[in-house]
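Paired with chain B in one complex and with chain C in the other, chain A is shared by the two complexes that follow.
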Partner chain A sequence: MVQREAGNKTRGERSALSNDKFMVRFLSYRVSFTLIVFVVLLVFFGIFSAGHSFFGIANLTALAKLAPDLGIVALGVGTLMIAGEFDLSVASTIPLSSFVFTKLLGWGTPHALILVITLLTGAIIGMSNGLLVVKTKLPSFIITLGTMLFWRGIVYAASRMSPIGIMAWLEPDAWLLKVFVGFIGGMVPVQFVWFLFFFAVLGVIVQLHRFGNWIYVTGDNQIAARAMGIDTDMVKTVCYVIVGVLCSFMGMIQNLRIESFAANQGVGFELRAIASAVVGGTSLMGGIGSIPGIFLGTLTIQIIDNGLILMGAPAFGINAFIGGAIIIFAVLNVTVARVTGK
Partner chain B sequence: MSDKQADAKEGTSAEKVPLVQVPLVQVPLVRMVDIDKWFGKVNALQGINFTVNHGEIVGLVGDNGAGKSTLIKILSGFYPADRGEIYFEGKKVNISNPKLAKKLGIETVYQEQALAPHISIARNVFMGREPTRFMGFMDRGMMDRESMGAITKLGLRIKDPEAMVEALSGGQRQGVAIARVLYFKAKLVVLDEPTIALSVKESQQVLDFMQQLKAEGISVIFITHNIFHAFQVAERFFILARGEMLTDVRKEDTTIDHLIDLIVSGRREIKS
Partner chain C sequence: MKKSKLFLFAVVLLTLVSFTVLIPATLLAKDDKPGAGMYFRLVTHGGNDPFWAVFQQGMRDAADELGCRADIDLCGSDQNLMQKRFQEAVAMRPDGIALVINDNTMWDKPVADAIAKGIPVIGTNNDDQKGSAGNARLCYIGQNERRAGLMIGRAVFAAAKAGGKNMRTLKVAAAVEVPGANYGVVRSQGIKDAMEEYGIQGDIDIIDATLEMTTAESRITSYLIGHPDTGAIFGLGGICTDRITSGLKNAKKSPGQIPGGGFDATPGTLTGLKTGYMVASIDQQQYLQGYFSVYVLYLYKKYGFLPQIDTGGYLITKDNIALIESLSSKHVR
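Moving on to the complex of A and B:
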């Protein structure tokens, strides 16, 4: 009897029900804790940074220029982690793409073609990572550790590790500069708009599209996904391609911002991207996480970095704080899961 | 939406044809004839005959290693048989892969493998067959509604389609997996040891689900080594031991003591 009534509830009644439980719901999402910490950190740094410089225009602009670097990569890496795999090779896809981009500029290739080939570089690396992982069935941590070292070796050998400036080949009013490192309204760095763009696109796909559901199921219970006819190898490979393309995009905008190829681009990004995802509530075992969480996670890591420097923390010791933050969040995630059963 | 309608149409037209031409009772839903299976030098199944009628609950009982899972894996397309034939609704079929089995309407529910624990009930029910509105975006309202509908039909009480499967009890999880096959119009549901890890109360719940499936006209193969569970719901019993079918008997023609005696002694009642 009771279940009959529950089944017959109208839409209005059901939404009233969920409004009552809003706080319970809110706290049961892993993202909520990241959001709370994020806001607390904003307030903390706003108050305690020297002369409240954290919220100064100069600092906010710098953050908006720099945060998309790690942010764009983390969105991809986090999506892949939901599907249950890792990609350490991002650290090498970034400089390789930047190198390809620089060479093509030097050869005077049409800019639109440069854009396509650069992004294709990441797509191909991503595809090869994906195929290696699904065909060998080996842990992706090992496979992509291998591809990371392989591609970095290629980049070092090809560039002899020397930086290559690009401004000699670019007109100051080239559209590449305007579209990827310009300012909107003379204020907002366009990189940040790209970051928001990828956040929105991936968010909509991962949370609302059927492919997003396949990503979650693949990471959560691959056997069940297979049994229901989901091609989990395809799902994972596509996620690797997404990561590769995002890395190429980021390698390119970083190149344009620092106005050169640098062989050490991307160093350390593989683990910082994973850290961003973990701080944003993504599980290292796959199947759990969200794009809004990853977005907040990467911003949280970066404002810790930025805020501590503004407060005069020794720049070389920042990693100690970020390391601590990662452990705290990893513990929080597990605790929340245990308490709420979610 | 459109997928489901198409399925529903297919279902009704396929049912109507045999109704007109031949009485349903005379054509079993599934008939497996003289099935042999070898794994290397081990003869896992020896001349097995196995039938399931429309809307019937069949108990497939036997100890571990008796060959129950092998027989079912042949039926659901995971293994090929080395000899023998399979008839589905009177037609000879070659079930060479799991997709073909699904297409025929044979669904297997495995305890561990059915659901993704950290994903909502609605998303689990529609896993891999998500209804979409445009460009592949999920119709989440429909997923919530329809999944709750199927679960309620099964007699299961769950309020929130967005709740994660992890938060459910073992019995409820079985219910969600069974609701899925109910919703997608299976003709035959294979439940592989569905009560093995459950409490007494939860086992009872799962046995009730089977009755619901039967009420919906769906046939059930209940694989178990718990003869007491099987005896509560099944109308016919097949007992397997060491790859041989010991008996094929209707409930009214046997007693629970007789079945236990067969399992223990390994005596064969039917001739090959």
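Moving on to the complex of A and C:
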């Protein structure tokens, strides 16, 4: 009997120890804090939003429809940040792609070809960014600041800054509308499915594929990566192409959703995408981050925005809350890195 | 080799023909016009907005008609750059300057100094809140923002009243791209004037919507879901007005359930007017601001005329959309 009690106690202790180990290990991942905060925010807004409207069908549908705009761009920008680089030109790739898409639509180009050319636009901009960064060896922050201003200037000059409606060239039942901005079962916006698709694809590439390892090593220690035989220039350029293609895709779906090209599409996305990645645990120094973290980070920023307005927070205070959240997450990331040595 | 020399010769010949025939012909054509030899400069804070493409079209058309030269500075809301451009314009000693007076004190001295040097300066698009009492500019061409706010307020509140809403307790919201910016403040004052006329108590709820399309739509949607008692909604600028219709749809409102109104004629706004989500939108007719800026400077130079011109207050409704749509592709509306 005594022995059995002693044995039970040992198992309890083992279980507690095991739980402690799990918690320590769980908290050693940067994404854990984002996940915890994300869940806490869901519960908080669910309880305190006016009439519990946060979990209402209208709000969830609106979130699922609008959150992918920033989310898709953030997935690409975050991947690039893991590789140790930035891309500020996303804010211009979006309207430029939207403009190309609109012009091709106006010229009566077959829709499949429009899709290909629009995505190619982003790929070319991404590749030029990548080549400029790796060949000049200048900080990507400066190079892409330059390309952001350059491409935005081109968009403004070409469009004369005027919005262009597209519905005159699109049938209401066009497959472009159904595939990119339609609803599944009349409830689920297709944009969110695309967001999940890119999350899954990039998740597999970055977290499971060998190329993902190359991205991490390139961002963590470029010299060591080269010594291991990794073509870091190629890795970075491919990451820039991924960002460009995702921006083009987003520019196109935003264009279809708002039913027009607008010269101010993408304004501010360059910093909001970086903020999403940081909230998701991505390091500004490269080599650290994860696709699930970026996914949660972008959703966290957007539900803070949404939930605070639902709760009736003062209109001019929303940005203060989001700014505060970014700082808190950045501090948490640094603290976790210091404690875990990661 | 011979072919390339021949090609080079042809290019040189064509260039010479261009210079000797085409350019003098253009200059001669301009010399025939009344404004030939005159040069005007328009200094603005514009740049990142489709609005200014229409403004520039007006300026270009007037310059072509008069045969004068006119240039525009688009400073992208950079006040320091705008001050620099204004000083550069003064140094060029043009025949006149049209300036966007987007600050109540910053332009007082520069404008007075320029006029003292003999360079006529008129206000365009934005004016000192005190008008001629606040700035020495010779005259002003642009929309009276408060009156425009009053007009759109009246149109939307009339629809709300016709829809059987309790006007005394009507909850009014307005989305703005840049909180605190002069245009939004003055336009919302005009809407408040209309609220007083209709006996609406309470204040306007301001939504900080930002300049970015998706954020604007998201915040308008969140507001409408979180405030289901909203009785009327306005966009104080073109971007917010454009997104109101989508916001109402996202919040599962039916057309007319919450009457909407705002400013400018972007594609989203026109869709809203057609589908009944939007009651009306104000067109401040910025083409006329660019056009009359050049014409007034010309007329002042020639005859000393100084008219005050209110270009705004054109109410776009579903009844006159066709006209707007036909002209918007030409950058006139």
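Assume the second predicted complex is superposed on the first by the 317 of 342 C-alpha atoms of A that agree within 3 Å, B and C clash if a C-alpha of one lies under 4 Å from a C-alpha of the other, contacts with A are read in each partner's own complex, and residues count from 1 in each chain.
Throughout what follows, a contact is a pair of C-beta atoms (placed from the backbone, for glycine too) under 8 Å apart; a residue touches a chain by one contact, two chains touch by 3 or more.
Computed from a predicted model, the values in this text were never measured in an experiment.
**Student:** Consider chain A as the common anchor and indicate whether chain B and chain C clash or fit when overlaid.
**Tutor:** Here chain B and chain C can both sit on chain A without a clash.
**Student:** Check the contacts made with chain A and report whether chain B or chain C touches more of its residues.
**Tutor:** Here the partner covering more residues of chain A is C.
**Student:** In the overlay, answer first, second, both or neither for which of chain B and chain C A:R160 touches.
**Tutor:** In the superposed model, A:R160 contacts chain C only, not chain B.
**Student:** Between chain B and chain C, whom does A:F38 touch in the aligned arrangement: first, second, both, or neither?
**Tutor:** In the superposition, A:F38 contacts neither chain B nor chain C.
**Student:** Determine, under the contact definition given at the top, whether A:D220 touches first (chain B), second (chain C), both, or neither.
**Tutor:** So A:D220 only meets chain B here.
**Student:** Look at A:L310 in the shared chain and tell me whether it touches chain B only, chain C only, both, or neither; answer first, second, both or neither.
**Tutor:** The second partner, chain C, only.
**Student:** Answer with first, second, both or neither: which of chain B and chain C does A:A50 touch in the superposed model?
**Tutor:** Second partner only, chain C.
**Student:** When the two structures are overlaid on chain A, which partner does A:F198 contact: first (chain B), second (chain C), both, or neither?
**Tutor:** In the superposition, A:F198 touches no partner, neither chain B nor chain C.
**Student:** In the superposed arrangement, does A:T61 touch chain B (first), chain C (second), both or neither?
**Tutor:** Touch status of A:T61: second partner only.
**Student:** Can you report the least C-alpha distance between chain B and chain C in the superposed arrangement, rounded to whole Å?
**Tutor:** Superposed on chain A, the two chains' closest C-alpha atoms are separated by 35 Å.
**Student:** Identify the overlap between the chain B-contacting and the chain C-contacting residues of chain A.
**Tutor:** The overlap between the chain B and chain C interfaces on chain A is empty, containing no residue.
**Student:** Flag every residue of chain C that touches chain A in the complex, lowest number first.
**Tutor:** 47-54, 56, 179, 205-208, 210-215, 217-219, 221-223, 225-228, 239, 242-243, 246, 250-252, 266-268, 270-271, 328, 331
**Student:** If you look only at chain A, which of its residues touch chain C in the complex?
**Tutor:** 49-51, 53, 56, 58-59, 61-62, 65-66, 69-70, 156, 159-167, 254, 257-260, 262-269, 302, 305-306, 309-312, 315-316, 318-319
**Student:** Hey, which residues of chain A end up touching chain B in the complex?
**Tutor:** It is residues 2-4, 6-7, 204, 208-211, 213-214, 216-217, 220-221, 223-225, 227-230, 283, 287-288, 341-342 of chain A that touch chain B.
**Student:** Write out the stretch or stretches of chain B touching chain A in their complex.
**Tutor:** 98-99, 102, 108, 110, 112-119, 123, 126-130, 132, 135-138, 140, 148-149, 152, 155-157, 159, 164, 166-167
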